[in-house]
Structures are given as structure tokens and as C-alpha cells.
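One structure is given below, encoded as C-alpha cells.
Chain lettering (A, B, C and D) follows the sequence in which the chains are written, and residue indices restart at 1 in each chain.
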Amino acid sequence: MGRGRVEAFSDGVMAVAITLLVLDLHTSAATGEPLLDQLAHEWPAFLAYLLSFFVIGTIWVNHHLLFDAMVRVDRLTLALNLLLLLFVCTIPFSTSTLADFVVEGGTNAQVAVVLYGAVAEGMAVSFVLILRHIIDAGLVSRPIGRDERRRQLVRFGAGLVLYPLATVVGLFAPVVMMVGLTVLSIYYLVGRSALTELAAPSPE
Amino acid sequence: MGRGRVEAFSDGVMAVAITLLVLDLHTSAATGEPLLDQLAHEWPAFLAYLLSFFVIGTIWVNHHLLFDAMVRVDRLTLALNLLLLLFVCTIPFSTSTLADFVVEGGTNAQVAVVLYGAVAEGMAVSFVLILRHIIDAGLVSRPIGRDERRRQLVRFGAGLVLYPLATVVGLFAPVVMMVGLTVLSIYYLVGRSALTELAAPSPE
Amino acid sequence: MGRGRVEAFSDGVMAVAITLLVLDLHTSAATGEPLLDQLAHEWPAFLAYLLSFFVIGTIWVNHHLLFDAMVRVDRLTLALNLLLLLFVCTIPFSTSTLADFVVEGGTNAQVAVVLYGAVAEGMAVSFVLILRHIIDAGLVSRPIGRDERRRQLVRFGAGLVLYPLATVVGLFAPVVMMVGLTVLSIYYLVGRSALTELAAPSPE
Amino acid sequence: MGRGRVEAFSDGVMAVAITLLVLDLHTSAATGEPLLDQLAHEWPAFLAYLLSFFVIGTIWVNHHLLFDAMVRVDRLTLALNLLLLLFVCTIPFSTSTLADFVVEGGTNAQVAVVLYGAVAEGMAVSFVLILRHIIDAGLVSRPIGRDERRRQLVRFGAGLVLYPLATVVGLFAPVVMMVGLTVLSIYYLVGRSALTELAAPSPE
């Protein structure tokens, strides 16, 4: 099975999900509140927009790199990819919940943080499952040795640790979590990716 | 006529439809209800989201396999494909109706179940119509004998029976139907597909 | 300039527009009205959904055929294609207006009919402008003689006459217009297209 | 890295953003106001729709030309492209804010104009950053000399000056800004592009 349509469908889903984030930004002339005040009160929505835009952007870049390393796709890859998209599609929901409850603090803000972290973690887990499957099923363009396999998984396992850690931080300081994850995602996007090595011949 | 743009358009429609499902998940700080309670009360919406995500995911995988077996596309294929997409596009509507009415039970829940089943059945019928047409019009990559044709149609005719059956179950136990169809879809997604045989040479 | 990305962008826009039509179908458990009654009262929305689904479907099929006949794309083609998409994108708006006002009849229904007809006509005009431009600028895969050019334009000019005619009918009987245009679109989709001749060598 | 998926993802995002603009056009039979009056009062929303449709259309055409000139894509291109899409995705928000507040004039209208201008400027800056990066990193299909580089950047730097200028005009006459930017975008779309020269061999 070729990988063209899986990429096209995934691109479509991620493009729609990232664009739907805008539906959570609102202003209204009907309320009578000055627009500048409305925009100022809307800061959690803007921050949440930035955060989720770069979280989805990061998963898109990783998806791109991962599928570039693949020579073909089997049925399990399709199923695991759907699992990944299942979480990506719910990000507009967990984002708007986070934006809505982060200001009031207390238990509600903590629940919103855990919800956001759980969706992000689901995304990270699905991604590692795809990575492990395509290495083990020999779907990548060159053989991956036992050592390199472990290294790749550990490296991406680091991603698995990041979101729970951020969630713990968010239980005490939700805004710090939001700013932190945004900055980390941007840093990662501009930095180098481990997956580029997966596609290129390794020196060993 | 090449099949590239039909696939691209269908991928786009299915990607948008699957992502619009998220618009039926809501929470609101304005109501004053604790977020955890809101999420708990929202369980039918989450279950309906899972159900329809995997229903659309399944039809996407089947669409992918079906079009992979095709060498070219004629005008009737385009029209039947639009019929399929007509039903796919209404799934966000039948899903939100199901989620909204399933809790109260009674006639309303039954009507919602029948609506959901009818849309799913429309999708299944359109799919079989495309399959039959491309076999009969010789649009697949190899000749399909009379026996194999019957076998393929019977096998996919099984799909035609599943949704009405699930609807009957849903008249008495809507939640059982929702969980059952979700599990069956996941099972099907991870399992083997009859359509892979359509593309590969048969042993006869 | 290749035509790949123009097709991809147009497919994306038409896929989103056709899927957004579903946002005009609603039911709500909160109103207390029996679901079956809600669905029955919603018939104009269902009819409008069918109508606009097949209107967009038709324009997509024509777009597909038209671009298949093209060997390259120039800047004016891009601009005219954007004009076409400008009208396609507003169809969810003119559709929901039509569905909302058709029942009450009177001036409001007539205004809704004229709005719908004007958007459809804008689409038809843009389409003929693209067709004329690509013939005159020599962007099609084979030379088109003066006679064939006139024939193609007259044939598609027939499309230009259909929507105003339907609008006039709709001023007196909006539902007849809606059913009529739906049936004509389906008939056209299943029938043969004049554009297939544009791509194939002509006998003259 | 190939440029196929970056183009597909960007096309998807821009297609969704341009189509979401329609969600800001509303009419409602429930208000009892004659439809013709509703449409007349809605003029700022229609004007804002036209404006943003052609603003996004212009950025899509430029994106198309820019990526056509590229032979490959590196990680920084992906990151800068995401920055561009970050602004494109917020256009439906700044558009609906502009449409909502432009009529009442005063400070609110001025804030809405500045918000709109800032988003458009963010888009223009991202675009120039991509252009500069792909020239400096040698990602274009032929060597670009120091003089041509300056010329290309100055020419696109003109775009950077346009939006702030339009914003200043909009502080005093928001409607003039909206009509002016719409007309300029259409003029640009139909006119010639400097980027076509980037792809073609220069005479020097």
C-alpha cells in the first residue's frame, strides 16, 4: 500500500483541526464592552491558541518526518494513524476548555489541565506506537539495528515524559505550563529532529 | 479519467467531516457547574464521538482500498462517490442528535437511533454500489470472475446487514449499540480486509 | 505553472464548503419538542442540504473535467478560479438563508430565492469565464477551432440560463425550484458531459 | 525533504481558513426583521468577507509561486511556514471583529482596524522571512545574486509597508481601508508577480 493517501488524509485532518482553533476566539459588539477590554480579557484564549497551534504544528512536522522514512504502509499503520488523529481532532475541545477555566484557578483549572495533558499524551503515545510498529514490521527504508531502535524509542519516549511533567506543573501553575509548552514546541520546531537520522543512513 | 482528484476530494470531505465531530463536545465556565461534573454528564457526546470517528475511519480505509483496486474512474463512479459522501457529510448531524437524545430514552432515543442507522446504511449501500459498478464496468486492475464477484458482494453485503441489526439492538439498548458498533469498527480496522484480495491476484 | 496545487486548493475549498452544509441541520433535546416533530419541521433544511450538496458536487465534477483538459495554468486562470471559489464558499450562507425563509413565503422567501440564484449564477459565470480564457489563451491540450469554441460556450452558456430561469420559477414556487434544481443536478451528474469532448480529439 | 506535503498542508489550512469566513454571514427568520433589511445591515460582513477572501487568495497565490521556485525544504522553512499559517488561521477572527465594530466607529473601530492590520502584517513579515531564508540557504532552483536578492526583498518589502499604511488610513476611514485593500488585492491577483521572475532565469 502506498503512503500517499494516508498522508493526504492526515494532512487534511491536521489542517482542519489547527484551523478550527480560531473558532474559540470571539469578540462581540453586542455586549457593549470596549473592544480593547474584550481583547485583554481574552488573553487565555490567545495563549491557548498559540499553545495548541504549535502543539499540532509539531505533531505535523513529526508526522511528515516519520512518513518520509516509510517505504510502505500496512493495515496496522492505518489503524494506529487513526488513533493519533483521534487525539489530534479533540485538541480544539481540550484547548477551549483550558482557555475557559484557566483563569478561575482551583479544581476546575486543574481538571482542564489534566484533560489537556491527557489528550496530548494520547497523541504522543500513538506516535511512539506508530514509530515502533514501522521499525519492527520493516516498513522503513533501511534496516534499523537493535541499538538504534532503542535510541530512537528512548528519544521519542522523552516526548512521552514531557506532557505528564507539564501537566504536573500545570496543576500548580497552569499559565506556566501553557507558556512553557508553547516555548518548548517552538524550540523543537526550529531545532533539529531525531527522525531526520532515521531516514538518513546511520554511521554504524 | 485518473483517480487522483476523486481521492483528494473524498479525503478532504472525510477529513472535514471527521474533524467537525469535535464541535459537539462542549464545556462552559459560564454555567457555574464544576468542570468534572460537566465532563461526566457529557459521556454520551464522548461515546458518540468515538463511535462516529471509527465509523468514518472505517469508511475511509475501505475507500482507500477500493480506489487502490481501480485503474480508472468513469462518470458514474464520480456520481456514486458523491452519493457516498452525501451520507458521510451528515454523520456529524446524526451523531450530535444521537448524543443529545440517547440519555432520555423512550421514543426520542429510538428516533435518534433510527436516524443514525439510516445514515450509516446509506453509506454502506453507496459503498456496495460503487464496488458493484467498478467490477461490472471493468474499472478494476484485473478481471473478476462471476464467483469472485458474488463472494465480494456477499462479503460487503454483510456490511449492509450490520447497520440495520445494530439499529434494532439500539431500539432497546441504544448504549449497547453505540459501544458495540465502536468495538466492531475498531476490530475491523485492525483486522484484515477482504478488499486487499480484490487488488491482489486470486488463486483461482 | 503546473495545475497540481490549483486543483488541490480548489478541492480543499469545495470539500470544506460541501461539508459545512451540515452545520445547518440541528436538533435539540433542550426544546422539549419530540425529535420526530423536529425532524419533520426541519424538511426545508434537509431539502436545501440535498440541493446545495448536488450543486457543489456538479461544479466539482465540471471543475475536474475542465482542469483535466488544461495543460498549464496562467495567472489569470488562478484569479478566475478564485472568483469561482468566492461564490462556492458563500453557498453554505445562501443555503441556510433559503432553508430558513422558504417556509414563510412572501417577499422574504423571494429575496432568499434571488440570493440563492445570484450566488449560483456567479458560479456559472466564473466557470464560463475560465472556460473561455483557457481556450483563447491556448491552455488546453489541443487546438480548439472557432466553431467548436462557439459550441462549447453555447453549451455551457445553457448553464448560465438555467439558474436565472430556476430563480424566476422560485419567485412563485420556491419548493418547486429547490426540487427541480436538485433533480437536474443529479441528472447532469449521472449523464454525459460536454467537457469530456473538450479533452478528447474532435472529429472535425 | 520534498515540498509536496508542506504544500498540501498549507493548501489545506488556507482552504479551511478561506471557507470559514462564510461562518460570519448570518440571517435569521426568528428575528422577524425583513430579509432584505437584514442583508442590507449585513454590508460590513459582506465587505469584510470580500476583503479577507482576496487577502487570503493573494497569500495563496504568492505561496504557490514561492514554493514553485524552491527545489527543497529544510526544517527552518517548515517552522517559518507554520508562522505564516499561524497568522492566516486567525484571519477569520480579525475579519469578524472588523465587520462587527466597523459601523459604530470611534475607538472600537480603530482597535478592530489595528487588529486586522497587525494580523495581515504578521502574514507579510512571515512571507518575507521565508523568501529571505530560501534565498540565503540556497533552496531555490538557481543562484540568486546580491543585487537580485535586494531587489526581490525590496519588492516584497513593499508588501510590508502596504498593510501599516492601510491601517493608518483605516484609523480615520475604516471603510476606505477595507475597499482599498480589496481593490489592491484583486489588482495584484490579476497583475503580474515579481516571483515569476524568481523562478525564471534572470538576464544578468
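In this section, a contact is a pair of C-beta atoms (placed from the backbone, for glycine too) under 8 Å apart; a residue touches a chain by one contact, two chains touch by 3 or more.
A quick note: this is a predicted structure, and the numbers were derived from the prediction, not measured.
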Pick same or different for copies chain A and chain B, depending on whether their interface residues overlap by over half. different
A CA-based fit of chain C to chain D gives a rotation angle in degrees, as a multiple of 5, equal to 90
Approximate Å spacing (C-alpha centroids) for the pair chain B, chain C: 26
Distance-wise, how many Å sit between the C-alpha centres of chain B and chain D, to the nearest whole number? 37
Could you pull out the residues of chain C that touch at least 2 other chains? 8, 12, 15-16, 20, 23
Residue numbers of chain B touching chain C in their complex, please. 1-2, 5-6, 8-9, 12-13, 15-17, 20, 23, 75-76, 78-79, 82, 85-86, 89-90, 92-93, 96-97, 100-101, 103-104, 107-108, 111-112, 115
Interface with chain B, chain C side, in the complex: residues 7-8, 11-12, 14-16, 18-23, 25-29, 34-36, 39, 49-50, 53-54, 57, 60-61, 64, 67-68, 186, 189-193, 196
